[in-house]
Amino acid sequence: MSLVSQEALAQHANRESCWIVVHNHVYDMTDFLDGKFICRALFCPQPEVEHPGGSRIILRYAGKDATAAYEPIHPPDMISSNLPLEKHIGVVEASEASSVPQTEEQKQREVVLASRPPLDEILNLHDFEAVAKVVLPPKAWAYYSSASDDEIAIRENRAAYQRVCFLPRILRDVTSVDWSTTILGQKSSLPVYISATALGKLGHPDGELNLTRAAAKHGIIQMIPTLASCSFDEIVDAAQPGQPLFLQLYVNRDRSLTKKYVQHAERRGVKGLFITVDAPQLGRREKDMRMKFVDESGTAKVQEGQDGVKKNEGIARAISSFIDPSLSWKDIPWFKSITNMPIILKGVSTPSDAIKAYEAGVQGIVLSNHGGRQLDSSRSGLENLVDVVAALKTHMQWPNPNFSIFVDGGVRRASDVLKALALGASAVGVGRGFLYAFSAYGQEGVERAVEILRDEFEMNMRLLGAQTLSDIGPDMVDASGLRARAGIAPQDNLFSATCRFFYFLVVI
Amino acid sequence: MSLVSQEALAQHANRESCWIVVHNHVYDMTDFLDGKFICRALFCPQPEVEHPGGSRIILRYAGKDATAAYEPIHPPDMISSNLPLEKHIGVVEASEASSVPQTEEQKQREVVLASRPPLDEILNLHDFEAVAKVVLPPKAWAYYSSASDDEIAIRENRAAYQRVCFLPRILRDVTSVDWSTTILGQKSSLPVYISATALGKLGHPDGELNLTRAAAKHGIIQMIPTLASCSFDEIVDAAQPGQPLFLQLYVNRDRSLTKKYVQHAERRGVKGLFITVDAPQLGRREKDMRMKFVDESGTAKVQEGQDGVKKNEGIARAISSFIDPSLSWKDIPWFKSITNMPIILKGVSTPSDAIKAYEAGVQGIVLSNHGGRQLDSSRSGLENLVDVVAALKTHMQWPNPNFSIFVDGGVRRASDVLKALALGASAVGVGRGFLYAFSAYGQEGVERAVEILRDEFEMNMRLLGAQTLSDIGPDMVDASGLRARAGIAPQDNLFSATCRFFYFLVVI
Amino acid sequence: MSLVSQEALAQHANRESCWIVVHNHVYDMTDFLDGKFICRALFCPQPEVEHPGGSRIILRYAGKDATAAYEPIHPPDMISSNLPLEKHIGVVEASEASSVPQTEEQKQREVVLASRPPLDEILNLHDFEAVAKVVLPPKAWAYYSSASDDEIAIRENRAAYQRVCFLPRILRDVTSVDWSTTILGQKSSLPVYISATALGKLGHPDGELNLTRAAAKHGIIQMIPTLASCSFDEIVDAAQPGQPLFLQLYVNRDRSLTKKYVQHAERRGVKGLFITVDAPQLGRREKDMRMKFVDESGTAKVQEGQDGVKKNEGIARAISSFIDPSLSWKDIPWFKSITNMPIILKGVSTPSDAIKAYEAGVQGIVLSNHGGRQLDSSRSGLENLVDVVAALKTHMQWPNPNFSIFVDGGVRRASDVLKALALGASAVGVGRGFLYAFSAYGQEGVERAVEILRDEFEMNMRLLGAQTLSDIGPDMVDASGLRARAGIAPQDNLFSATCRFFYFLVVI
Amino acid sequence: MSLVSQEALAQHANRESCWIVVHNHVYDMTDFLDGKFICRALFCPQPEVEHPGGSRIILRYAGKDATAAYEPIHPPDMISSNLPLEKHIGVVEASEASSVPQTEEQKQREVVLASRPPLDEILNLHDFEAVAKVVLPPKAWAYYSSASDDEIAIRENRAAYQRVCFLPRILRDVTSVDWSTTILGQKSSLPVYISATALGKLGHPDGELNLTRAAAKHGIIQMIPTLASCSFDEIVDAAQPGQPLFLQLYVNRDRSLTKKYVQHAERRGVKGLFITVDAPQLGRREKDMRMKFVDESGTAKVQEGQDGVKKNEGIARAISSFIDPSLSWKDIPWFKSITNMPIILKGVSTPSDAIKAYEAGVQGIVLSNHGGRQLDSSRSGLENLVDVVAALKTHMQWPNPNFSIFVDGGVRRASDVLKALALGASAVGVGRGFLYAFSAYGQEGVERAVEILRDEFEMNMRLLGAQTLSDIGPDMVDASGLRARAGIAPQDNLFSATCRFFYFLVVI
């Protein structure tokens, strides 16, 4: 492979001829700036596409190393396996000057990373969030933490757990307590699985692999996201033999791609297929969208009328255009025909859809509003759980070994998990909790998070008077306040807001 | 027409002889300072009146150009068509000195306007409000944003929507979704109409025309306000051929004026008559009223005892004295006799009045508390909707093609609209949302607001699993929390407020 | 009467011989420092007492003019009519030096008074409170504004009104609306009376007379407090011929004093007797009590162990020790035997006591928790109203011309009054609202307050669609949220309070 | 006993030879750094243990005086009676240099103590908390004030009382009111007992003796904690003859130790045995745990990987490892066999466990969530009281002289106590309230606290219209709002949180 000099690179740094460097390889992106890009990757969402992020972002790296920007949001082989071979120019000549110099933001980030609290000072999952908020680059924080519209759903997800009280039992021998379980037939050391979250490399260079490795070590199950930064095979390769994995699936408009993807996953040993059904279109996450307007200097100064960049879309919309909005109940038999994995519908809300799912013959549902990232004001999974369980009880044998209910959204404590279990869930998904853990501390962070949850489970089981999870039932909680949602907390307009005389109070 | 020199003007700058300049014409206002003003305008609310703003405000412009102060709160032909011709002195001689020099406030406003965020950074209707709050002159902000008394009703209008959750449906083919509808037989691209708000020129020199032009472009319907800054005909003239318009009506004590106004509107093609029934007297909007006391320096230093200025009344009261408080159910047959337009009662609250309206033969009602600007503590339209629909169901065929229920107040999101539709509304009025949009960005702002709503409708329809608006029903929302109104959020007096020892904490 | 020189005064400025000056008269207080004080005043609460404020406060004024401290909390003739004549030393010789020099506090107060907003900028009753808070001396503010314990009851009094919504009616002719009424057979221009509050001279030199004069001018009824700063006769003398007045009564341990007082009041034309039944002992108002510890410099530096001053009691406790805690239902026949005035029990809470009151033959009750100043956590009058009215309806003819229910506590708006009337009250008492009005602006303040209420009544009646108060009924309000009391509004401990890493966020 | 010179001490200041000074005696701790410690104390929780605080903390004091650190968390005879005699080196030679010099923290604390407000300015129990917060060393404040996890339970304990209103009765002769009672047959001047709290010497050098002495003086009952800083016998010795005392018991894994302890207590006259049943494992109190990471400089700079210190455990976990998690209903007969003291189960939550307790033949229960320090989200005792009383009424004779219900948690006012009594409790435990009182002011603080409660009882009894506690019943409270728990109070995301244009508002 030919060596490309810095001088050569510098001559191809414009719209007429645009070379970029990714992982030390030089690619000629010129045609891609104008025309279509024909994707030949295995799971490529859209075989023929413009660059979702626009051509301008590519031009910014013309003649430069784009690896840092490329990596978190593309599978590693995306460019090499899709760009026609004649556009593979060669390997870049080693040079100090070849890389984009470290930005102020990067320097500041290193300072921040160095001053993280030691990991053993992290006492709960909230702490990871606090650290991640500081450690993460602003765009990554915006992408991870954002939720749709007015962020009511994400707020309610957490608040709902606070509205359930425990009614603990006393004087039961709790010398040994056991909170292990099985999820879809797979052993899990906790009644918790790692729920899928996209674009892990935004938070840490090892991306989703942090989760895979920690899950192996602590006996919990990871759900692999379709929109992972690491490729599916990278993740599976990182798993230990026999380590159970689930797969989260966004269904492609081209079903043949979906079929290949699902069957490949099954062949590689995946134990459960979670089909996302609450995202025919990805939600408007305004915190994420606003990030597009903020340039490096930190102030919003993007000029009007710049073409090429779709300015009013965040990362989420840019990467998700392949998702099929026509997905419907009619597709379920087809899924059952292409795989023997248990099929779980992820993103169910209502009793009627839960019953439909059961009747369609899937193995379970996740009561979820997608972490508050899709339909805002969508009721929290915990609230829906109560209605769904009540409906299933009148409709079928319940509990039912062939049909599981999972819940996700807003879970940060073992006590949250136990409340959901008491109300009928089989296990609970935690997404952002683990995402923030590796964003802040990598694999060790995830391990610490599991240890914290384990400690919390031990304590909570003992204090509830429960030896195993089968002792956790509806009589251990008071959910009578579950519907008492938190509205806005208004200012007291009776006095302060209608009174102008504060100036008077201050002047004196 | 004779030319008036600056010197001549300067000699008529006192109570004895008071000339003012409006749109370059010079008028002698001297008589008007003392006696009555005989109004000959077509829709003049009060044929014989003192200047509602007092004579002092006129005297302030004696010998000067009053256009800037005159324009936003008077129809353009008010002075020229009503002042006796002999008082039309002539045209002012062009001169630098003729205009009142640009005030600090005006200069500051230009700076503010220049630093508005680019329009494509505006992501939701709240953003317009944030920009408008800064961009608007203080009096305009006070007039637009104020509500009555303790501003409980305006707060509840918005809060009520947050108390309704969505219960979305999954696995429905939502490739194409359609949120268009008809409102009183007129096509609308959204289930939203532009509700009437007064005095648009306070916010933008083009006033209500911003709405007319944007409505034309995007296929939505504007309701023309009686108290528009632009004259009725200006607005209709600005509309495209066939563009549907509604008219909001304050009923005049002199019914013959009202009759002329209504019939003129019908002749000009207006498609619906919204009679305001919740404003026999305009509310006390204290934020607006307080503006009267704040002079240009920004501090409240008006001396006691100045005559001529009705100091304790805001803009709202000053412009509304013509409204007839005797309007009653007995008048409805008369309205039906003078027009064939559909008649809608705007400002209904209770089931009993809704049924009366139906029995009186009108075509619909708007459940509204006038944006919280009339009776404070009046229950929100969304809450009333639930009771009214329940009552109508027991009283008549419902839904009923001959009787529509609209709701307004507090709507800022497509999700708000869909909640109202799910609970039985036909369409929803948005007032301040569009008002702030053009106050901040003129016509383009209104267009952007419509585009935002359109995007929100598309996403919300998909995420709810609804292909058309007919799929939106009561089973898609949980309104069980709708009555959980937000009370005042008190301080925790258990500790902080009864404890004096904070001084002690601080001193150490 | 002999003239007392400044030199003579200066020689009697110690514990051995302690002369003080009040209203230019010199009194020898020496004996009173040690022994008992025999009171011979007509309504003296305790015929033989130590000085309730302790002897030290008297000593502070030895040889000086004590008028300013004496006046607000004693009837004017207290000292002259009770001190043995031989202790009346004479009249002080006019001298600049005779008076205590104006303190910093007094000087500051004059500055504050001068910078009050003009009265016509006061738009609602909250505004008076804002001004009074600044204008009042700290002790007066503490005494007036304080409530018992954790101040939950006072908070709930106001909050309860916010929890009731209006359901207004439309299309009723409201050209003329009338909100006048009769209270215990007396005409009142508003359905509001001035409720009794103690120690008016703390707020204004004219004390309760401000109310008497304003009430005369505007046709409303004042309830004279037992603990007025002005004497009963002063107040009645200030009334216009035929002006109706009520009397609030604290019952003395010595019933003969009470009898004299009541019969004197009836002779002087008082039209109703409001016996306070919720104060067998005055409440602990800690804000008031703390004032005792704050000396002139504004910091709490009182040393421990000072004898003579009962330090841990506020003004309220000091002046109220005469009240009889043995007052019981057995006393009611006696009251009926000594007067023909209508008797009203002020401070009732429960349906059972309301029924007892009716059966005891009194003419009405005031549902009141004493402005939150007595039993903290006592439920608000408005909440009690709903239960009491429901109970009376099942127990007797209701409404009943011989038995009236009044409510007080937390009322600041005509809308509050109308809510209470809708739920069954005959009229509503306003105490602090008027107290703050005269504290801030004297009689003119009270007049302005009445005018504001009148404007609010006019507007609210029109907007409710009510021509007279008889149109105001339970169908005009939604009180379903009345029980949704405001609890404490906690911080979100899920994150902020359990997370220590804020230091980390700040450091970076 | 031999004299140890400072020079000798200085030579034994390392891991090879580690001498420390406690109460002027020198001990050789070298072996203890590495191996096990054989405890021979009477009630030693763990006969063979490593130092629960790790060896590193001992090393810090090698060659130095460790008394200040040792004293608050060890019984005084712990070291002398357990360390083999040959390790008792001798008595330290008096020397200025022998003691660790006063730290900045200690100096600052003395300043703080000197500036405490005089005791008679303390008006309620909240005030003690405010002073204690400032006066206490940070670790002590953390240990005392902390609660588990997100501190929801501790918050709800207090909030629950605010959700109950009083319905007072009028016109009852309340000249003399009596709030004395008996608790488990023992006279108490208040319906309140001092609940057990651990480690009193963290707050004051006299530790729990402050409570014993004040209880004697004021006729109330103290519950002695197992984890007292003072030894059991010290406390009993400090009591007056006949002074009733209760004992709180953590049950040891070695039941023979528990038996000795209980029977010793009974012999010494203890009148009631409160067995803690809600703490098979002590809760995670994160505020306490975080203290471990904060060194003297006040910032968290502990390096990772230091062995020996169990860094992620607070004081609570370190001292409690002896508690037996196998304790169960089967043990109750055994307890009844070893003592004739009344047995009370402390930490019951549910009706089913309350009934079990009654059937097991114990004399009562404490409805408690351990001050919010154990299972977070555990429902407050006051809420549980309502359910438990309702259940007992259907299950047995109730009230029942042989079975008492107590409540603790969040009580700060006599009004709180009266609410609990109205709902069925026999008496109420106050823990932190008295703990803060002596932390701030020693024994005098506790006495003042009792006096304050006494004053509050007098006032509240009078204002409720209750002559004795038997008049306090369910008809005096409205507990309908008791379930309206306080959720999180969210920000209004409709505007502020989703709007980025605050920068814009600020910049202008």
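Order of writing sets the chain letters: A, B, C and D. Residues in each chain are counted from 1.
One rule holds in what follows: a residue touches a chain if its C-beta (ideal position, glycine included) is under 8 Å from a C-beta of that chain, and two chains touch if they have at least 3 such contacts.
Just so we're on the same page, UniProt names per chain: A, B, C, D = L-lactate dehydrogenase (cytochrome).
Bear in mind the structure is a predicted one, so any value in this text is a computation, not a measurement.
*Asks:* Report same or different for the chain C and chain D interface, where same means the shared residue numbers exceed half of all residue numbers found there.
*Replies:* different
*Asks:* Centre-to-centre on C-alpha atoms, which chain is most distant from chain D?
*Replies:* Most distant chain from chain D: B.
*Asks:* Once chain A is fitted to chain D on CA atoms, what angle does the rotation have, in steps of 5 degrees?
*Replies:* Angle of the fitting rotation, chain A to chain D: 90 degrees.
*Asks:* Please work out the Cα centroid separation of chain A and chain B, and write it as a whole number of Å.
*Replies:* That gives a centre separation of 43 Å.
*Asks:* Just the number, please: Cα centre separation of chain B and chain D in whole Å.
*Replies:* That pair's centroid distance is 61 Å.
*Asks:* For chain D, which residues are shared contacts with two or more other chains?
*Replies:* Where chain D meets two or more other chains at a single residue, that happens at 117, 121, 123-124, 149-150, 152, 158, 162, 286, 290, 300, 484-485, 488-490, 494, 498, 500.
*Asks:* Enumerate the contact residues on chain D facing chain A in the complex.
*Replies:* Its residues touching chain A are 149-150, 152, 156, 277-281, 283-284, 286, 289-290, 293, 300, 302-304, 311-312, 325-329, 331-332, 345, 347-350, 352-353, 356, 374-379, 383-384, 483-485, 487-494, 497-498, 500, 503.
*Asks:* Can you list the residues on chain C that touch chain B in the complex?
*Replies:* For this pair, the touching residues of chain C are 117-121, 123-124, 149-152, 155, 158-159, 162-175, 286-287, 290, 299-300, 413, 415, 419, 455-456, 458-460, 462-464, 475, 478, 480-481, 484-486, 488-490.
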